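Each chain gets a letter, A, B and C, in the order it is written, and its residues are counted from 1.
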């Protein structure tokens, strides 16, 4: 039988507020254990939560940016379960009246568009961190608890099970990441756990409408792990079903080192979260004016920006998609072309040499050693034929460590392109004279032999000869 | 007459007029503690040295000619579920036996700003669950009027200490009658302010939507003065009221002419002690004499209030008390694994009544029962509130007994939880509706136990309650009578 | 009986409380009495009644996003039953 996967994601997105969701402790990542804590986030006897206004603003903005309806009446609830990273043994979250519901985002996988529906977006507090004494939770005789992260604000973005492959799930999560970055509500640093996904996967026979039994993988924190976990789980479930077995509804952990998912086999009771309205927090009532105010503050979103780049600058859909996938890159692009650099060249340089360099060094584009202005200037040198594309690569390499303007670098290093016909002619004559075999080959009908001669001319000019002119002159002389 | 017998406002005037020193006053109250605390057992923690140091500082201030605030130098006691920075706060539970809060409750901060003398922390039913203070994990407190009887609860230590003269004033908390009922049993004045009047920040939560801190005092004048101190919006408590706080002492006027007093028939029902009914009706008669108008009213959903309360309060409590798990504070009973540690800790360190309410609460919240119990109770809460809204269209205040009986004997009801819950019939409806209510002494039973009159006001209208209470109080002498016990003879 | 032994033990697990077998009867008896009394609520028709969560109507109480001083680790850990290297220490999280 052929199966199709049904995949849904719950993405937890840490918000970039200064303080926690229910108290004034700082949210800074990486502080010493148990230093960003107070009686409130430690859940001490007698404490009460207070709602950080920014969190509500961010929740509404995230809802608007993902085409959700904003609930005019929203409230917090207690989700009760015991875990040592949760000091009150309940998570203050939202149950039946989340801040936003019924949205969607569009994704694009290999040129195929698909709309993924959002069930809801709700606000909640993050839990603390456990440091286990052993290598895994299972072989640890004890664990240590750090409550710094307790109370860091989260949005939980819940999708409908609308995805059917790991690629779609990845594209969806990338889209959510991109939108959250654009509206500036999260740093979205996956390595710091700003963005984590719980994945639900089930299989059903192709064509069937009924959903199969699903498994859940929690806290997936990279795109690679997301894809690996889903692909492994699809294969695993397929095998179980092919063998006539049943899928057990359970939470599984993903082991990135081995690329497999494992049953938690915990004896936990079926969860009964005993949700109840949070009596310590009055409801959130949002007026149409507030919603419109927040809507007016939203920046241009990735889809709109991509369309604009295609229309205004003639970028391909693919290039525009990559450039606009992160707000920082899109802004970098805008800055590069601001002074007249060619948009297509700019896109090529950003997606090519610049991205390669940044990825290799693990640097964010906003901190690029070659800022947008200098890259723009360099591209203009290419446009003015001051340097060739090939020389530009040399100039770019130099710019990574040399803060001078590209113009100065080109001058200092003597990299200005030779466009003087006389000078190039001299080199061409010399090369023709010294490479009789290639000349003979060419004349004998092997037109490809010209390539070797061009190479020799470029080499002799230290790469500075204008390649078009070299080609033209060589052809003239050999054919003439 | 000893100093401990006087109310705070009289002692304040004496301090101002240099008729007495704060140290002499504090020493007299501490002496009273030495004399009778063995019989009353109102305290869980006595901060003797700190109290004397505070008194000394106040005397120095007075000597320098500086003005002093109302509570300055006046010894008082704090219920042990109100967090006091650096002073153990146990909630009369073993699970918090050694818990020292790193912060003060907001009400405590406001009280401390007055420079009072804090004598210590007083006993209560564990986590404020109970109406007799027998549920304290440490010891029961005895009623100063008859030490065989309970002082009521859960603020039994607050009421007993004020009645016995082992404190001049006290703070208590009221979730279903926990200030008013012990005030009634001990013959003192107790006020539960409107929900939100006093910040709950630092009040260890029992049932968050019902809890409220309030004063327990010798007379209505002290009550109004302390209310002035503790009320007001607090940014740490999102449910605290932003309404302006009036000067409650301006309501200390003897005038009830034309005041419309509602008498709800549902509060005078079967099972009510005839002496209580008679005494309360006599007090109502007195109001009539003083010029008030008595109006018969009906609060038809009163009979459902106990059920609603004993579902809502335990449900909130079940979640509120989940935090006591032995992880980051409080006692821990060790076990090899986490679930075992949490379960052992809670099983061994919580008392019977607390565990019972946690079980009831979790039952009411659990899947399959939520709609039938918890949701239903919240709907009934709406109906109870609507009853009052309707009634207050016709009357200015509502009067009723505070409790259906005078103080009962220690041990008399402890084995029958439901019987104990039914004792709260006259007090819990207000908490459900968030309304203010006061208990003032209005007479005695044949055996000499105090009986309380409950005065219920509109939301945020403590002033009318104070005016009504003050007028009656001044027409009687109950507020000048101290419990007869120990060294008082 | 309104509550079965199984219900009781389930709620006990949710409550992280152990109810010994010889305590079950007592608990069940008390719960039964209390819940039977509470059945008086079912006589009320509350179909069109809105539930009340808050004692008094309030809404939109917010705090500005301004950092306040934290407690400090020493004070945070002062009441800890067991601590280690600035952490709260707990026993084995998963059962064997």
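Convention: a residue touches a chain if its C-beta (ideal position, glycine included) is under 8 Å from a C-beta of that chain, and two chains touch if they have at least 3 such contacts.
Just so we're clear, the structure is a prediction, and the values are computed from it rather than from any experiment.
Novice: Specify the chain most distant from subunit B by Cα centroid.
Specialist: Result for the farthest chain: A.
Novice: Which chain is in the middle, if each chain's centre is the mean of its C-alpha atoms?
Specialist: If one averages C-alpha positions chain by chain, the most central is C.
Novice: Suppose each chain is reduced to the average of its Cα coordinates; what separation in Å results between subunit A and subunit B?
Specialist: Centre separation, subunit A to subunit B: 57 Å.
Novice: Between subunit B and subunit C, what is the separation of their C-alpha centroids in Å?
Specialist: 24
Novice: With centres defined as the mean C-alpha position, give me the subunit A-subunit C separation in Å.
Specialist: Whole-Å distance between the two chain centres: 40.
Novice: Using the touch rule from the top of the page, what residues of subunit B touch 2 or more other chains?
Specialist: Residues 99, 102, 209, 235, 238-239, 318, 322, 325, 327-329, 338-339, 342, 362, 366.
Novice: Two or more other chains touching the same residue: where does that happen in subunit C?
Specialist: If we look for residues of subunit C contacting two or more partner chains, we find 10, 14, 16, 53-54, 58, 61, 63, 71, 76, 88, 90-95.
Novice: By residue number and range, which residues of subunit A touch two or more other chains?
Specialist: Correct list: 39, 42, 50-51, 80, 82, 84, 145, 147, 272, 274, 279, 281-282.
Novice: Under the definition above, what is the set of subunit A residues touching subunit B in their complex?
Specialist: 39, 42-51, 78, 80, 82, 84, 87-90, 145, 147, 272, 274-276, 279-282
Novice: Where on subunit C does subunit B make contact in their complex?
Specialist: Listed in rising order, the residues are 3, 7-8, 10-12, 14-19, 27, 30-31, 33-35, 37-38, 40-42, 44, 46, 49-56, 58, 61, 63, 71, 75-76, 78-82, 88, 90-96.
Novice: Within the complex, which stretch of subunit C touches subunit A?
Specialist: 10, 13-14, 16, 53-54, 58-73, 76-77, 84-95
Novice: Quick one: which bits of subunit B touch subunit C in the complex? Just the residue numbers, please.
Specialist: On the subunit B side, the touching residues are 98-100, 102, 194-196, 209-210, 235, 238-239, 241, 301, 303-304, 306-308, 310-311, 318, 322, 325-332, 334-344, 346-347, 350, 355-356, 358-360, 362-363, 366, 372-373, 375-383, 385, 417-418, 421, 431-434, 459.
Novice: Inside the complex, what are the residues of subunit A that reach subunit C?
Specialist: Touching subunit C from subunit A are residues 17-19, 23-26, 32-39, 42, 50-54, 56, 75, 80, 82, 84, 130-132, 137-138, 140-147, 266-267, 269, 272, 274, 277, 279, 281-285.
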